[in-house]
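Structure in structure tokens, see below.
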Amino acid sequence: MNTSTALLVADLTGVAVFAASGASAGVAKRLDLFGVVFVGFVAALGGGIFRDLVIDEVPPLAFADWRYATTAVATAGAVFWLHPHLARLRTTVLVLDAAGLGLFTVTGTTLALAAGVPAVGSCLIGMLTGIGGGLGRDLLTGEIPVVLRSEIYAVAALLGAAVVTALDGAGVTGAAPLVGAAVLIFGIRLVALRRRWAAPVATGEPLPARRHGRTP
Amino acid sequence: MNTSTALLVADLTGVAVFAASGASAGVAKRLDLFGVVFVGFVAALGGGIFRDLVIDEVPPLAFADWRYATTAVATAGAVFWLHPHLARLRTTVLVLDAAGLGLFTVTGTTLALAAGVPAVGSCLIGMLTGIGGGLGRDLLTGEIPVVLRSEIYAVAALLGAAVVTALDGAGVTGAAPLVGAAVLIFGIRLVALRRRWAAPVATGEPLPARRHGRTP
Amino acid sequence: MNTSTALLVADLTGVAVFAASGASAGVAKRLDLFGVVFVGFVAALGGGIFRDLVIDEVPPLAFADWRYATTAVATAGAVFWLHPHLARLRTTVLVLDAAGLGLFTVTGTTLALAAGVPAVGSCLIGMLTGIGGGLGRDLLTGEIPVVLRSEIYAVAALLGAAVVTALDGAGVTGAAPLVGAAVLIFGIRLVALRRRWAAPVATGEPLPARRHGRTP
């Protein structure tokens, strides 16, 4: 299996994993079959759609290549029917989700750099490619995005995106460094899960709600 | 009245209907006049704006043709002032909404195919054109999108989009088949409403919230 | 300091102000450091990203010019650490927010007109540039957007956008009229805050929730 095939397989694996996380959220919210599949679709492909829009890669890959949507829909449908048996797969899903985060962040950063986006912007686009699907999933299911509330998740993505951008700036090319960056994100995320690392939360009293409510 | 005029009239009718549904949601949430009009605007034009962004038709029609925004704003404003008298129009609104769904889905699918988007992607874009406005309306008003929770709605749109795509692939052209597909969506939606058809909901215990909460 | 430098300084001031409002909302919701910074980023740059997508200015300025993201992130981070001391700055933040609204609306309208968007569309894009960040901030923090619920805010932006468009149509050019329009928005917003002006809310009973719930 050559490189591009390997990349496609890895990419579709990420799609399937994020689709499963989205579908699980939909099932937990008692959405109907369509709702579960739709949230799975958004979780799997939302980040990439945003990425493609901001780098002017239209139509986005999610619509241009049928294999992406098909993988997302099939996985989400499977979760809908099988979810009672998935409880014991919780750890597996978390590990695969960490792998998907690493992969999507690296591909997003690489595509942004290839589109001529400057370094800082490419890091942000890469991170948003990795976390965008989860953000969409949580907004659709009425949750404040978990990525904003707890754990080292987006930060791991941002670090990996910065590594990809730095290597690109240094003229380092080839698949190896990209794989390395994805593994770095994957590893940070796993260690953060295991050690329950979390970003700090502001100390002191929260600001009264109406205060920022008055600052549209 | 020639074809293009008929199409524009039909299109603006769909805009008005979705604007009314959005404005009704805004009134129910006690939004102010601007909020009611804004939610009406998003419900009427949000799906089309997304469609135009993903097929690179910029600026989106909602901004390029003043008649769309004007129709949406005028309708939403009318709902704001007249809503106490609209209760008895509930059935009418549901029927018109079904008509709007059929129309927007067919036009969205057709435009995506014309832009060179492959079959599966065009079906998805067509469906999203039909349901996107309602998604935006529900997100703005703090609801989990109703299209994800109940009833045959998006599924009707997806079926119609598939028919349009299949006819296009078969080389069938002209307005008649498109009208037929829109009528199909319209009919499925009306029967689903009348018979209270709904997509299945996952059986068994929902997954504990923190489970997917831990899978950003 | 020449005009373009002055404009950049003013623009980044608007970014900082909106980032502060977003970060304040994030702190109030007990988001972690990343969440606070991310909401600040969206509040500061979300409106401009939407603007650039609809006028096909890609990659959006938020990703193309590192100074924008850096300003937003640094400001949001400062709010995260300093927020207990910010309570007494409430009035200052409201005033700066009004200034940011004026600036973003005027620049958004001007860029839309320059991109060839017709008058009505340019007014809408300009208004959305001014209010878009606040909408994103409220959606991310699980609030019905405050701009839809209370006060003269978007209406002030829309008036200013209409003035910019009218002047453009009349062939009036130069920085002075743009500054005037921004000052107009700024002034209307301040007076509205001082006098507690608000847009009207629909009278009578709100529509039953399930009514619009049945009209996706």
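Letters are used for the chains, namely A, B and C, taken in the order the chains are written, and counting of residues starts over at 1 for each.
Basically, contacts are C-beta pairs under 8 Å (C-beta built on N, C-alpha and C of every residue); 3 or more make two chains touch, one makes a residue touch a chain.
On a predicted model such as this, the values are computed, not experimentally measured, just so you know.
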item: Rotation in the CA alignment of subunit A with subunit B, degrees, nearest 5; value: 120
item: Same or different contact residues where subunit C meets its copy subunit A, judged by the half mark; value: different
item: Centre-to-centre distance between subunit C and subunit A (centres being mean Cα positions), rounded to whole Å; value: 27
item: Of all residues in subunit B, the ones touching two or more other chains; value: 53, 56, 139, 142-143, 145, 147, 153
item: In the complex, subunit A residues that touch subunit B; value: 21, 24-36, 38-39, 49, 53, 56, 58-60, 62-66, 69-70, 80-81, 83-84, 86-87, 90, 93-94, 97, 131, 134, 138-143, 145-147, 151, 153
item: Interface residues, subunit B side, partner subunit A - complex; value: 53-56, 112, 115-122, 124-125, 135, 139, 142-145, 147-150, 153-155, 198-209, 211-216
